[in-house]
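Below: the structure, in structure tokens.
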Amino acid sequence: MSGTMTYHFSVILVTFGLLLSFITYAMTWIKRSLCLPFAVLSIGFLSYCSFSLFILVIERGPFEYYLGGWPPPIGIAYYIDELNAFLSLLVYLVALINLLCNRERFLEKQGDRIGGTMALYILFITGLNGILLTADLFNLYVLLEIASLTGYALLAIGDKRQAPFASLNYVFLGTIGACFYLLGVGYLYIKTGSLNMQDVSRLITQIPKSPTILSGFIFILIGIWIKMGLFPFHIWLPRAYTNTFGPISSLIAPLGTKVMAYVIFRVILFVFGKEFSFEIYSLGHVATLFGVAAILYGAITALRQTDLRRMLCFVVITEIGYIVAGLGVGNINAIRGSLLHLLNDVAMTFCLFLSADHLIVNTGTKIEELKGVFQKTPFGSSIYVLASLSVIGIPPSPGFFGKWYLLQGSLEAQNFWVFGAILLSSLLNTVLFFRTFEEGYYHHTESPSYGPKKTSLSAYGGILASGLLVVLMGLLAHPIVGHIVDPFLLRARLP
Amino acid sequence: MGWQIDLLILLMVISCAIAAVEVKDLLATAILFGAYSFLMCLLWAVMGAVDVAFTEASVGAGVSTVFFVGAIYHTRRRTKD
Amino acid sequence: MDSILEFIVGRYNYWLYILLMMIGLYAMISKNNLTKKIVGMNIFQTAIILFYISIGFKKGGTIPILEHTSHAVEVSHFVNPLPHVLMLTAIVVSVSTFGVALALAIMIYREHGTLEEDEILKCLEQ
Amino acid sequence: MNEIYSIRPLWVVLISLCAVPLIISTKRPNLRETWTILAGVLKLALVLSMLPDVLSGSSFSFNILTLFPGLPFRLRVDPMGLIFALVASFLWIVTSLYSIGYMRGLKEHSQSRYYAFFAIALSSTMGIAFAANLLTLYIFYEILSLSTFPLVTHHQDQEAKASGRKYLVYLLGTSIGLVLPSMIYLYMRFNGLDFRFGGFVPAGGANLPLNIACLLLVFGFAKVAIMPLHSWLPAAMVAPTPVSALLHAVAVVKAGAFSVVRTILFVFGEGFLEGSWARPTILFFASATVLIGSLVALYQRELKRLLAFSTIAQLSYIVLGAAMLTEHGVKGGILQLAMHAFGKITLFLGAGAIFVATGKKLVDQLEGLGRTMPFTFGAFFVGALSIIGIPPMGGFLAKWELLLGSCQSQYMGIMGVLLASSLLNVAYFIPLVYRAFFPSFPVEGKIREAPLFCLLPMLATALFTILLFFFPYPFAQLISGLWSQLLGG
């Protein structure tokens, strides 16, 4: 593939994503059984595009892509750098592995509506991918809504009693979040007259002390914080992710919140800039406060849960807290840690939800129902243990590296609140996960007939792949920091 | 005459919004909500956003109200608040 | 005093959009009926659209459509059309959200036979 | 001193890990245990192959990955690491052989899992021995904690659950809560954590954060069981005996002691500790542990718990030796690391053999058993003498050096502690053995020894305990090599 073609992949990812999702739905009219294979193929194709884009960015550095050749501020620009290209690749990988792994379960649960489900599935990841790649604030809003709307619909699949209600709650909060974001963008537009991120950031440096810009800043932050489930805006999260269909939770839980967390970095470091956010308006204190509160709240509340997946939701809230707290500390190592943790967390949370889902299928959703599950399905359990250890931060798992940078950064900044909160939450997470291990481990029976439910090879393959992803992210932590995170920070003029 | 009409419509918009939220009959809510949307169109037309006004008239006021009435048809009309 | 009055009157559009937002939020938070909440949500969204249109509005500005001009275009005579274009998308988004929310509400009604939040919560706790 | 870049250390670490899939996938017990033994023998051979070069003053190193800027995941074989690796890899074979007898004798469940985690634990022990910096050591340390968890809780009953919980809370809690922050602080301050003879922390012991960091590290490596962080060790006694032998003689506790010695000698070093207040604190806590541990051991009714408290006391010898920072003290400490391993493993294997043969666990029940199990108790006696420190047992050499070291140091009180502890050792071991051979009531019955697989490894370790007194060749040589490097560095 020639290099010029690969540049176009940046827009193909979004437009083809939209297109393919409709074709997937259209497949229902021809033959319903074609939908799922076609969806797999589509995501496979998009993953390939994303991968070549990533390779291109690594080779030639970041570039801007103008939609239809119109340069900003008239046209919409896409901006591809190492970080968002990598994150986009992760999004597609997660979506692909998840779909392959849960093929049978999708067919079983959504057999007669598989076309629509698959269309929403592709639309969702396309929306996320657009959020990652776009360089236009309003375009981001639209794609955000695409991802959110499909997300609401997907989350409503599942437990009939609980899921639609939880999803509707999410609709309310999510809409408020998106509207706040839109409002903030409006304020920026009043002052700068532009929607292109780079343009806006250039203009902001000339008028940093305007109250309008500040209002925009605050609205955008609150909007995204609601969408990423930061404490105390997290109330929608546990309910929505707990009651949904398992394979959907393992898709949305790792991706939705993390992509929004990426937007925070994009907006703060690139649009508003470090001086504006940290020096003129002391975002650091606020973000530290929220981050520490989220870490402690998530870690402590998780201990009280009796439902496995709900417990994992609070783990997600803790992880979001890490990311925001690291941003709040504001020095290079802490932000490096935040970003690395964000990337790792996609893999970790995915692996955790996927393997936990496998356990839930074999036993039940309550933690106490896990009795003997380690003996029943040793393979799935060992991947679950792997992911949990990574979340706890046992080296050399990916979770450890993120935490290391975060701890180092907070120590350098002498921010002992963040330092203490991270250590404490690691210890609490240890207790948390070992409680589930104990349930699974200490119920030994001698009967040999005690085996897992029928699980297909592809399901095992998917779980294994998610585990491998975690291991790889751990082993490659240093190159990831060097080639993906650091260039991003360098362009944000952080050091 | 600009701002007087503007203000008048705005006040009507707000009263419609409050009424839509407060009425106990959901069908009335639907109607009031439709009225709210139409007044909003008017406001935008006054402000020179003709295209937005058109869209809102067709999509916002039209389709939304149809959705809404349909939804009420499938659920219950009365509400406690 | 005059300046305060001017501050309030001169920007009545902004004040009213804030008022609308508050009405929307109020409905979403304090109403018990899910349909009412959805209406509140939509009011909230339209308030923001109103805000955007107000951004583009200029006193004495006219509709941004050019007719066979021979003389130079004076920008200040026209309303800024860009927010309008953006809002076209936003309206579509808000209607889709409205639709999704209503669909969810219907699903909930089918399961629980009610749309009152307190009754649903009571139902879920059992 | 020249550095040899070689992959051999990595192989030493990996070889037992490679055996894990084989162990799990093999259904037939004989073949499965062959894999374990084979991996053990290969490992020992590889370790031995590095001995001549290390003795002649060179060291092996291998970079695996870069973890953080200036902080690689790196293995490096130096004399001290090699001592630990030699002891651990040799005793692994012994323990494995013994495990075969023990596990089959008691018809334990999940034997594949048992051997698999044993192999992982050994891999991480080797990693600890060969770690070139604090972070590498920490990584293997954590893996060791986790991989021994299924071994400790092997019975999977309520008792195992409670003990397992205690085990993890202590080990993971201290490593995450104490070691990690201290390590990050040191890295932030010195931009690297590579072990260096004499420490990388500059001299000048008055610095408060550094003193705290030092204490956090020493107490954070809770596997060394300095009081008050010792109570996981007696609790871990619910494990099958070969596991206890592994925990208390070879892998776990020695890994803790080794880490502490690394910290004292290779992170902080003499220059820093000379004037710091961290050193007296360590010495105080270690001395208290020696005395209290021995005293508590006197009152234990269960044989394995008695041995556990004896271990707690003996481990602090190593810490004392290192913290004395005198030539003989350091030599004695490191020698104790090896000698205590041989002595204590003999005792544990003895306790296990008694349990397999007779089902008896309590000290009172041993009366007269020496008549029916002469070989077991003979070996047990040898082990006990070595722990007490009576010639001609290996333990004597370590104690001798330690005593010499305390004479050299400014802390003469330590000598008193060591002597008092030796007397206490006599007090709890000798009556036990005496009554086994000379019961207060007549015992009938013929000789009924433990299974051969249990007996032979025990006799072997007992024999080595004696041999080490006469031929302490590799260890003594390595230690003096280490000391000369310490002086040189």
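Lettered A, B, C and D in written order, each chain numbered from 1.
We take it that contacts are C-beta pairs under 8 Å (C-beta built on N, C-alpha and C of every residue); 3 or more make two chains touch, one makes a residue touch a chain.
Please read these numbers as outputs of a predicted model, since none were measured by experiment.
Once CA atoms are averaged chain by chain and compared with the all-protein CA average, the nearest chain turns out to be A. In terms of their C-alpha centroids, the spacing between chain B and chain D amounts to 78 Å.
Rounded to whole angstrom units, the spacing between the C-alpha centres of chain C and chain D is 70.
With centres defined as mean CA coordinates, chain C is found 29 Å away from chain A. Chain A and chain B have CA centres that are 37 Å apart.
For chain C, residues touching at least two other chains, in rising order: 83, 105. Contact topology of the protein chains: linear, an open path with no closing contact. Going by the touch rule set out above, the chain pairs that meet are A-C, A-D, B-C.
Interface of chain B with chain C (complex): residues 2, 6-7, 10, 13-14, 17-18, 20-21, 26, 29, 33, 36-37, 40, 43-44, 47-52, 55-56, 59-60, 63-64, 67-68, 70-72, 74-76, 79-81. Across the complex, chain D is touched by residues 389, 392-396, 401, 404, 407-408, 411-412, 419, 423, 426-427, 430-431, 434, 438, 441-444, 446, 475, 477-478 of chain A. For chain A in complex with chain C, the residues that touch the partner chain are 138, 141-142, 145, 149, 152-153, 156, 160-162, 164-165, 167-168, 171-172, 175-176, 179, 182-183, 186, 189-190, 195.
Chain C contributes residues 12-13, 16, 19-20, 23-24, 26-27, 31-33, 35-36, 39-40, 42-43, 46, 49-50, 53-54, 56-57, 59, 61-64, 79, 81, 83-85, 87-88, 91-92, 94-95, 98-99, 102, 105-106, 109, 114-116 to its touches with chain B in the complex.
Of all residues in chain D, those touching chain A in their complex are 65-69, 73, 109-110, 135, 138-139, 142-143, 146, 150, 153, 156-157, 160-161, 164-165, 168-169, 172-173, 176-177, 180-181, 184-185, 187-188.
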